[in-house]
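Chain IDs A, B, C, D and E follow the sequence of writing; residue 1 opens each chain.
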Amino acid sequence: MLLEVKDLTVKYDQIAALKGISLQVEEGKLTTLLGSNGAGKSTLLKTVSGALKPAAGEILYMGSNIAKLTSHDIVKKGIVQCPEGRKVFPRQTVYENLKMGAFVRKDREIGEDIEKYYQQFPILKERRNQKAGLLSGGEQQMLAICRALMSRPKLLMLDEPSMGLAPIVVQEVFKMIRAIKESGTTILLIEQNAKQALKVADFGYIMEVGYITIGDDAKALLKSETVQKAYLGGA
Amino acid sequence: MKKLVQAKTKLLLLGVFLVVILLLPFVVPNTYALKVLNNVMLYSVIALSVNLILGFCGLLDFGRSAFVGIGTYFFAIVMTRFQIPWIVAFLAAGLFTALAGWVIGAFLQRTSFDYLTLITIGVVEIVRLFLVNCTDVTNGAMGITGVPSPQLFGFVLKSHFQFYYFALALLVLCYGMISRITKSYKGRALMAIRDDEIAAAYSAINLPGYKAMCFGVASFFTGIGGAAMVSYTRYASPYNFTIDEGLILCQMAILGGLGSLPGSILGAAILVIVPELSRTAYEYRLLIMGIMMVVLMLFCPNGLLGRSGLKDILVRFIRNLGVKVREKRKV
Amino acid sequence: MLFQVFINALSVGSVYALIAMGYNLVYGILGQLNFAHGDVYAVGCFVTYSMFVSGMNPIFAMICGILAGVIVNLCVERFAYRPLRKKGANRIAPTISAVGIAYIMRNVVQLVWGPQTFAFNLEVFGGGSLHFGNLYVGTLQIWILTIAVAVMLVITLVLKETKWGQAIVGISQSIPTAALMGINVNRVIAMVYGMGAALGVVGGILFCSYYGFIYMGIGFAYGTMKAWMATIWGGIGSLKGAIIGAMCLGICETFAGAYLSTAYKDVIVWVIFLVFIMIRPRGLFPAQIAEKV
Amino acid sequence: MAELLRIEHLCMNFSGLKALDDISLTVHDDEIFGIIGPNGAGKTTLFNNITGFNQPTSGRMFLEGEDMTGKNTTAFCLKGIARTFQNIRVFGQMSVLENVLVGMHKNMQANLFEIILKTPRQKKEERKAREEAMEMLHFLGIADAADEMAGSLPYGTQRKVEIARALVSRPKLLLLDEPTAGMNPQETDDLMHLIAQIRKRGPAVTVIEHNIKFMLTLCDRIAVLNFGKLLALDVPEKVAVNPEVVAAYIGEEEE
Amino acid sequence: GNTKTDGTADSSSTAGTDNSSQTPDAKDTDAGTGEAIRFAVCGPMTGDSAEQGLLQMNGCQMAVDEINAAGGVNGRQLDMVCYDDQASPNQAVIVAEKIAADPTIEFVISHINSGCTIAAQDVYIDAGLTVLAPVNTLDELSGYGWENFMRICLSDGASAKMLVDAMMEMGAQKPAVFYANTANDLSACNIISDYLGEKYGIADVIKETFNPETDRDYSSQVEKFRAAGVDCIILCCEYTPAALLMTQCHEKDYRPQTGGLACNNPEIISLGGEDVEGLLTVTGFDCTNPDEKIQEFIGKYRELYNTDPNDCSSRGYDTIYCVADAYKNGAAKENLAEWMLEKTDYQGVTCDIRFDGNCDNQAAITYILQIQSGAFTLLEQ
């Protein structure tokens, strides 16, 4: 197990958003996390990446507890999050944003990586000298995904990466996710587009207001009736 | 039924509180303590006006002391030079200050938070230097002596004791007015501006108009507070309206909790009373004040009665003792 | 007279410039109205003064002063600002704790050094003035201006070119997001405060050397306030702006005093400032707005 | 069916970038009008222009026949346009109910003196506003959250708060910018019904979305933008099979 | 009694921020009979003008300690309480109320800033407290007709005229005034320019001011003086701006004769160095007087506070002795003001005190000192 969350409880002020959650992310596999609005998915990611501190429970990464580490130490360990709501650096250009993504890297291939993502999302190349804050919503989303990838993480956590993207780009993103997975990176994916997500995923978890209700093989989930009803749009 | 009981206890508490407040002057040890109490109430009025600007409209105004000065001097000049009833001059001082505030507020429309903050300090300097230099009008650095005490319905409220009830009535009135404004749609418009100007503009809120109005209304109360204060000390001096004073007024609102009206009164009380306690320990006065401010901010970053302030700390404490406290939020 | 007044104006401006840069650095990056800036550097200057008076080599004395300022600011950051940041406090809270720190520092200075004015002459900058006919230019002013411009260039370069500079720029936009990039936020912010204090102390020492005195009030009225004005004038977050803003401030003050009225000098300066802000609401070198609906 | 909004030859440049390029279209007062297009096509920019947030470089706009070119946001709002934002903009430190009440701002009449004196008229107005706001919250199914601080709610709820805020101002035209972003299919379905209901309540709706299925079911007409240009404007069935649109936007339908 | 004096002497801080008589046990350990005579010292003790307040306090403190060590007044110890008015009139009123509410306080050493003094007077009058002002020089104070208020110093007007005479005698052709924009200094400036007009027929005296809180650069003033050909500048301001102005004049090779109203602080010499050479200052305390008593006082003061006394401290010192003298001869809290106005005829170490029926000290003498080769020297009249 690359990542193992045990009985995690997280509170905002006094109110628990996660109420004792356990889940596992296997190395080299893609795990997806589904759930309705406010279930606590983003809260979980924020806790793993160190932005929130758990009230109880453990987060084991490669066997050691990272619950108490600071965000930057966690990033250095290879866990990177692409946050919900894009969160690009608005006053820096697209190019500078990408370079920021590679902050923890020390190698010299940064330029090549940037070029690679430019190929994948040509609009970013076109806008490379524009301030990121002035990009359209979708452009920002693409930038956020690429920026997360720039650090070459071991565990990539994506929070609704397809949000606000045109269908054609969504397909591109999923293709990319698949390629990343195939290159050996472990992925924890939060998606509202449950069907697509389960298709690329190996495992899936379903969350409901602070609890995990189902955890199963992705294929099984895709077929499960309850899941179909609640998360795959009824019909 | 439960609601009724609750309402009853609330009423009872309010009644007890009222009696205590009304009888307070009879139990304080001396006139000095009374003076301090009166000052707390006068400063509360001003702190409330700061809260209106900062807590509700989100504009950091360090320049309230300038408006206190405008109110004070308008009142002092009018009262010492012309024969007009006290109450007329008093209200006129408020209105004149409101006008000044409105003009300045309207003038500062285009500036953003930080710029406005500095400019308000500039206003303090401009007003202070005007008061010092413009000797013909303001009697310059000498100040104006012999400002009359409040005269209401033929009574002259000269003693501290009498003034206590005047200040109390004034505070209650101002509190009521400000609270009504903040609870109305105009108050909500101010809060909307504070939270998100763009979304506010999309709700048909006229940003410049509201900001100017906020400055104007708040300045009315500031001016009234200033006039009441000079009616109390009976001497107007330009050296009362400094940047430091402006900072203190802001701190009252902030320490108490932005957006919380009782907070402003608490803040005023703290910042008037704590320096009194350290009056003879003057060597450490600033140290005491400084440490107090830092510590209070660390414990309640949103002010004592603000979000996650004293109340929440108390609730948490009680809960830790094992008592069940109703959670406000439904999950 | 006109030309001499102009030179005087530039001299005053250059004195404000250095102090303003330290202020602007912290202000631009962390958005904090740092009321403690002046009082923290006052401590540094007083340490320098004490060291020098007790017979230390002036250069070492200065280094001690700078170190003292940096250490004080780091402690302040650690114990007064960082906890607030961790609690996710609003922008106002650190402003108030900064005022608290300013009070504390002022009190400490008064307790340790007393309220009177001391002569301050480190004897390193070489006093005196050059004169060209009827014109007088102080040598120290030339020093000060050179140092200010050099410091500005170095810092600009650091911010632009180094990784740490990029980290600082990132933090100035969003602290949580910067942390997600693997930036050690606390360390970088501490660094910024340290740098701000160092610049402040250097500026303060030059200020004191220029006027030849030191007393406990140099922090607020001459430090925080002037630095703040210069910063706003030049544009928040722009170092170049800090220098040019300081110059504008110097020019306005000196010319208003020389040609209009010394009594109303400050009023005039403030009014000019107000009008300027009306015309350019974001200062001379405004930070670019990068927000979109 | 009457013309509500008419845009003529609208252009918008951002320092060299043509975000909108000669757009002309008309929105009727009884339709749900959809706008789709690749990222960066200029959809949000179009919204910004027809609400007076950005001033177009050239072109004209008419609302119910009145020329609105050059007017500011507040003027548009008073004329009956309300919108939601792609990047959510709720008043974070205010409760949900207060957020919605702010939306009613333009319908409130009381002046300062009435407020201070709490005249019966003002009291009645305030009570009515609260009732209406609560009713709106019920309608959107977020009445439970009425007293919560809007800023700490999940994205989906915040979106609904925005919609409620926009709706209570009784607009003639409601602009929704990606309302389903961050919602799961179930919630998206709910929202779809909601929008249909909203439409029945009065305002015309113009909606930007990337969820094709959603758009095809919901909209009466769809405009397709691409690189700032109007690529197509037609009923959904035709747009969906327009080869240009498929190539630029929808992509190969999988499965 | 108060035995912490030694501690003060040890402290290296100069204008001593310690205040020893605040020890709460002062009363209990009282050696003498009867209660202590408690009195209040007011003034700014923090903030920008703290220096004067603390200097006045130091002088009082020294006298109190000496008197107590010698057995007190009629066996009663002196007990001094200090109040900080932060140089703010509003605060001064609160201070006054606090003092008035304390029945054990018998008299008050006045606030220093005139705004504070005026603001607080009402309260003191109502409370029947006597106010003694060691350093309130503002002329206008004489005109208020207060019966409980007496000052030990000369008013600005009187000393300013002396200074003007001295400077004109030295051959000034075109005098100018440089004043801080405060009540005291503005008032003095007006007196000087009127006097120059009346006595010397100089009508258009150049007057330049500065804002003491925020100005340290006087280059525009210097430029104006120089351009107008001013050869004599009368300084109505504290010693720091005075020294700075002279330095800034000399930087521009401009060397007018200067004289100041409040420049007798020894710090000015270390501050201004060579630049303040030749500066005249008018003072009520002639530190150059070889008189044994005066030199002894200077020596003791220096030992305590590590610096030379000036007007503020010496006047504070003598004021306390003068009141002690009144108490010794039968005055009490109730009739102190009356008694002193009528009967005080006290020869102090640094000045004599005898009141003129109003609030002014008739016997105050003023000297003119000049800084010569780094030291104050008495200018022969």
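Things worth noting here:
Definition applied: a contact is a pair of C-beta atoms (placed from the backbone, for glycine too) under 8 Å apart; a residue touches a chain by one contact, two chains touch by 3 or more.
Values in this document were obtained by computation on a predicted structure and should not be read as measured data.
The chains in contact with subunit D as well as with subunit E are B, C. Between B-E and C-D, more C-beta contact pairs join the chains of B-E.
Among the other chains, the CA centroid farthest from that of subunit B is the one of A. Measuring from the averaged C-alpha position of subunit C to that of subunit E gives a distance of 35 Å.
For this pair, subunit B with subunit D, the centres built from the Cα atoms lie 41 Å apart.
For the pair subunit A and subunit D, the distance between mean C-alpha positions equals 29 Å. If you average the CA atoms of subunit A and of subunit E, the two centres end up 73 Å from each other. Residues of subunit D in contact with two or more other chains: 44, 53, 85-87, 89.
Counting partners per residue, subunit A has 134-135 as the residues that reach two or more other chains. Residues of subunit B in contact with at least two other chains: 125, 129, 133, 198, 283, 285-286, 329.
The touching residues of subunit B, counted against subunit D in their complex, run 177, 180-181, 184-186, 188-189, 191-192, 194-196, 198-207, 213, 217, 259, 328-330.
Per the touch definition, subunit D reaches subunit C in the complex via residues 44, 48, 53, 85-87, 89.
Contact residues of subunit B toward subunit C in the complex are 54, 60, 107, 110-115, 117-119, 121-123, 125-126, 129-130, 133, 198, 243, 247, 251, 254-255, 258, 283-287, 289-294, 297-298, 301-302. Note for the complex: subunit C touches subunit E at residues 1, 4-5, 8, 11-12, 106-107, 110-119, 129, 131, 136, 138, 211-213, 215-217, 221-222, 225, 253-258, 262-263, 265-266. Taken together, the subunit B residues at the contact with subunit E in this complex read 29-33, 35-36, 39, 125, 129, 132-133, 135, 140-143, 145, 229, 233-235, 237-240, 242, 244-245, 276, 279-280, 282-283, 285-286.
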